[in-house]
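Two complexes come next, and they have one chain in common, chain A, joined by chain B in the first and chain C in the second.
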Partner chain A sequence: MARLRGRGMASVNYPTGMNLGGDPSQALIHATTTGSFVISLSSVDLGQGLKTIMAQIAAETLGVPYGNVMVDTADTDTGPHCMGTFASRATHRVGNAVIMAAKEAREVMMQVAADELEVDPDDLTSDGEGRIHVVGSPEKGIGLVELALAAHFKHGRTISGRGIYMKPKSDVDPETGRMDPDSAQAHACTVAEVEVDDETGEVFVLKLTNVYEIGRAMNPAMAHQQIVGGAWMGISHALYETTEPYYPDRSHGPTDFAGYLMPGPGDLAEMRSAIIERPAKNGPYGAKGIGEMTANSPIPAIANAIFDACGVRVDEMPITPERVLRGLDALRGTPA
Partner chain B sequence: MEEILTHFFADERGEPLKVVGTTVERSDARGHVTGRTQFYEDVSFPGMLHLKMVRSTRHHALIKHIDARDALAVPGVVRVLTHKDVPHNWYTILRLIGVEPNDEPVLPEDRVLFLGEQICAVLAETLAAAEEGASKVVVEYEDLPAVFDVEEAVKPETPAIKPHGKNYFVYEGHHCRRIRFGDVEEAFSTADHVVEHRYQSAPIEHAPTETTGCIVKPEGSGRFTVYSNTQALFFTLDNMALILGLPFGKLRLVGGTVGGGFGGKVDVIVEPIATLAAMLTGKPVKYAYSRHEEMQVSSPRAAERIIIKDGVMADGRIVARKVTLYVDAGAYSRHSPYGTTKAAAHMPGPYAIPNVHVDAHCVYTNRTPSSAMRGFGVTIGDFDLEVQMDRLARMLGIDPFEFRLINAYRDGDMKAHRKIVEGAALVEVVQEAARISGRTLPDRFTQMSSLTRETAHG
Partner chain C sequence: MRPSIVSLEVNGSHRDFLVQPGTTLLAALREALGLTATRKGCETGSCGACTVILDGEPVMSCLCLVEPLDGARVETLEGVATGPDELHPLQQAFIDGFATQCGFCTAGMIMAAKALLARNPSPCREDVIVAISGNVCRCTGYAAIIDAILEAAADLRAARPSRAA
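Up next is the complex of A and B:
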């Protein structure tokens, strides 16, 4: 027996946002009396970190510290409409709605600061640390707590804003397929290195090298975690997973994790990943969606590496040891 | 760890940012790792009933009779719901965004179309009693021929599995979603090589840590609060109101913390029937999928069969790509008509190919309905496209990185669905992946850019 080593690559693009549009999301922002900002949404955080990203976007647009922003979601009585968390749309759609709401709130915030400081609002800037001050004169300024108290109890003003984002629905031409199906396209290229056991047909993914272009990595550690998590799903899709192992035959469907095979922590490949940013014109701070795409390029990269290693081309997912062995038998001229 | 390469597209980066683009701690991380995050199942109410579905043991059959007498005799069982109890018995997930027809009943009236289809709901004071009750409902079937293969299903002589319509979704009078760009047949006739291969995938489970479920509480106000792990609260609310015949304002959905979605929680299956149960009993009701149900009954990623035929020149240019794609939607539409259009729009991949022809079929078979999953309409297509690309490169004796770069789309190109490319960056990710994995590309390839196209190939 031998372990045969091979390398393969694949490159992909992925659409940001719900296919064909027509999918609004809203955000409301208001300041508390003491200078915290609450973003009200009905968007769902699946664990990917939507709440964190929305707070970062609001802090950036408002010009206040990240710690001053809280996210209130998801309750249909209190949160404005969101189409949902799917189709790599949340950062793009909800993020744009948050920017719109934060701009409106910031305008009031700056006007109240201007009234308090008796200057023109155009002469003011926010330092991002919790103070609004005159450009070039950091000492002539006002802190967020003082500002919010004054807005509420002196000026009777609400520091708040409303935001919505919607890409208009695109109808498909039924004859040609002419359509506008996305808001942006993100890109990826993966290089996979594998070993194939020529006796058992098992495949070991040794290393994945990934380069992504996602417009803007809103939170670099979380973007990286999406890449790692997606690559794990890619390995799993490529080599292990199905609910119908003899598709299209319906038999032998697994019903629990003892029968439904997935790689364990020890099967995760060494990984090197880099991110390129080409900001999308319509994205919040240029962001495209990285949520879904990270499983996609690892799958064919692994399939191509298997061919490179042992000369077996498996055109059926998942690429199980049985399928690799049958391919090896065919190459060797031994009976299957 | 995270490596951001800021020298790419430096002119387009804009003003420096303060908070966006920095790594702040994920806001829910501490709650998740210390077990303090509240999920929907962490709420509980006195007198809560448990709902267990009686499920089809057949792939395709008429329901001749349902006998629930023995189930109702189980201590703790309070009621059994059938289709007669559902006010508007159409599950209408895509109606809100204009996709029809209605093809799936909430609870089936006279037939089942897949193994595991829900037939009637047993409500009991404990989960154990609900399970025992469900096991004692006797369903009499008359088996019908089942169709499992997508190409078999679309043959004219194959009987339709649903009382109305065909075994495929009709796109504005067409049997498939079409892309027509240039003339593939003409290009095949002048190509140096024409290569065709078939690819196949099997259904895949989302495998979330937390299975799909909800808890419904009738409120004193006459409203219903639904604690749910749906990925789309208002989508769920709106569909529920249509099914239940309730004013929209009677429903309140609370959620937003989900133990893994991956597209598996955008079907609205558990909430309407659990809320109906709460309406009819006046009690809180919980309906949560077991792991078995999550794996075999909830919608998986569709199996896809894709045939790719390419015309390619000896210098590496792909001049034509014809894609025939079958999405196995299973018994009902759910989100598959939408996903199939997305699959068609994705073709021919991130490459500038002047002649493209796509027929993308959304096909009904007697298996668990498939629906959305991470990379909906794209993930399986990418496997097929990129294996095909590897084949072509090897056949021509061209390095696989160079082969992608020769065909990569650039700003200003016209895609097959007639949208002009902007914000392209395929060239750059391929160049950088080659560089960091130790493959040195010739100057011709390192000088390429997504911003412009060289005046001539080679």
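Up next is the complex of A and C:
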């Protein structure tokens, strides 16, 4: 009886966004009287970091500090339209809408600054730290608070902008089958190293090495954490999770977390991850989506590593000890 | 069945409140006291999202009936921050180490970790894993959480060498 070691790999191309009946997302930005910029969205941050990314994009495009940007996703009934945060689409779709809104708001901001400073708006620049000033003359400028107050109380202006990113519906060419369903494709590869216990059928994931090409990592630390968390979920799908372990027989299904198997903090694999950036032409600052794909490539990589370790090819998830043992029994000619 | 008055010390403050028989500590915290940082997850004791510290021990508040706890001392996430503008080293380490994504498990994780550091200021990695083994996280893959707790333990030892967390 032994622990058999194996290595497997798998690659994935993952679409950013999907072909709906047209796939729009909209964003509105306005400045408050005190020079904060509020991005109104119906897009939802469910932990993936949407608010952080949108604030980064708006700050970069507006030319104001990140801390001056607030993201309001409070109400999908009253906010500007978003199709939703799914299909790894939010960074791309909503990010593009935020850029468009921020450009329009920046134009008004620079015009008001020009009126206040009695100069041409084309002669102005933003320092990214909260001041608009004449190019080459940092002392001739105006701070964001003063500027916003002037816009509201002197000029009667709203420093605001509208943004929409609209991916049109793509019909299928009946002759060729050709269509344009997504906006970009991200790529990933995982190499898994496992040990299989040939007596119990248990699989131990020792190490996952992941490489992701995601256009541009808008926030590298968050992208890295998404990869780590997704890889954990990939291990979980590959080896543990199911609501119907003997489908189509629905018996023995879990009814709560106690019976729904997942790897715990003691079952972690060693993880190494790298990000490669090849900016997408149509992505906001080159970004593609890295939402859902992080759970994908670990699964076939682990299945391949199990095959490499013990010769058993399991084509159903999860790859339970029972399935591995039945495969080993078939190979060894021992009764199941 | 008549409601009764229960007294608890919650995050250092004395609190009296009226509860119906069978009310859990979790329900009392969230509904009677309005302390909603403590999350209601599975309500069967298998996810750990509702973990609070009861008389120094981490417990799943969904499994504790509150009436027999009269006079007990309860600590929730609302009481963890060191000051109005100063986070506890555990909270800071969770932020700095990206140890939270959707945030649903975070309150329970931090309370389980705080109880651990109170009884063991110098935990090894295995100690941390055991301490949070009753807490489910669905986003992070746990590694960042384990690292953050070890980081906070080191920070606390450096700041207060003679005192427990």
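Definition applied: the second predicted complex is superposed on the first by the 326 of 336 C-alpha atoms of A that agree within 3 Å, B and C clash if a C-alpha of one lies under 4 Å from a C-alpha of the other, contacts with A are read in each partner's own complex, and residues count from 1 in each chain.
Keep this in mind: contacts are C-beta pairs under 8 Å (C-beta built on N, C-alpha and C of every residue); 3 or more make two chains touch, one makes a residue touch a chain.
In this text the structure is predicted, and so the values were computed from the model without any measurement.
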item	value
Partner chain(s) touched by A:A295 [first = chain B, second = chain C, both, neither]	first
First (chain B), second (chain C), both or neither touched by A:A114	neither
Contacts of A:P15 with chain B and chain C, given as first, second, both or neither	first
Touching partner for A:L325 - first (chain B), second (chain C), both, neither	neither
Partner chain(s) touched by A:D256 [first = chain B, second = chain C, both, neither]	both
Partner chain in contact with A:M233 - chain B first, chain C second, else both or neither	both
First (chain B), second (chain C), both or neither touched by A:L147	neither
First, second, both or neither for A:M271, with chain B first and chain C second	second
In the superposition, chain B vs chain C on chain A residues touched	B
Intersection of chain A interface sets (partners chain B, chain C)	46-47, 49, 221-222, 224, 230, 233, 256-257, 262
Residues of chain B that touch chain A when the two form their complex	1-6, 8-9, 12-14, 17-28, 32, 59, 97, 115, 148-150, 171-174, 177-181, 197-205, 207, 230-235, 237, 251-263, 266, 291-292, 295-296, 300, 303, 328, 338, 341-342, 344-346, 349-350, 358, 365, 367-368, 372, 374-380, 382-387, 389-391, 400-401, 404, 408, 416-419, 421-426, 428-430, 432-433, 436-437, 450
Contact footprint of chain C on chain A as seen in their complex	46-49, 221-222, 224-225, 228-233, 256-258, 262, 264-266, 268, 271
Complex interface listing, chain C residues touching chain A	41-42, 44, 46-47, 98, 101-103, 128-130, 132-133, 136-146
Residues of chain A defined as touching chain B within the complex	7-15, 19-20, 22-23, 42-47, 49, 51-52, 55-57, 59-60, 66, 71, 73-77, 79, 81-87, 128, 172, 174-182, 184-185, 187-191, 209-213, 215-224, 230, 233, 237-238, 241-245, 247-250, 253-257, 260, 262, 272-281, 285-286, 288, 291-293, 295-297, 299-301, 303-304, 307, 313, 315-318
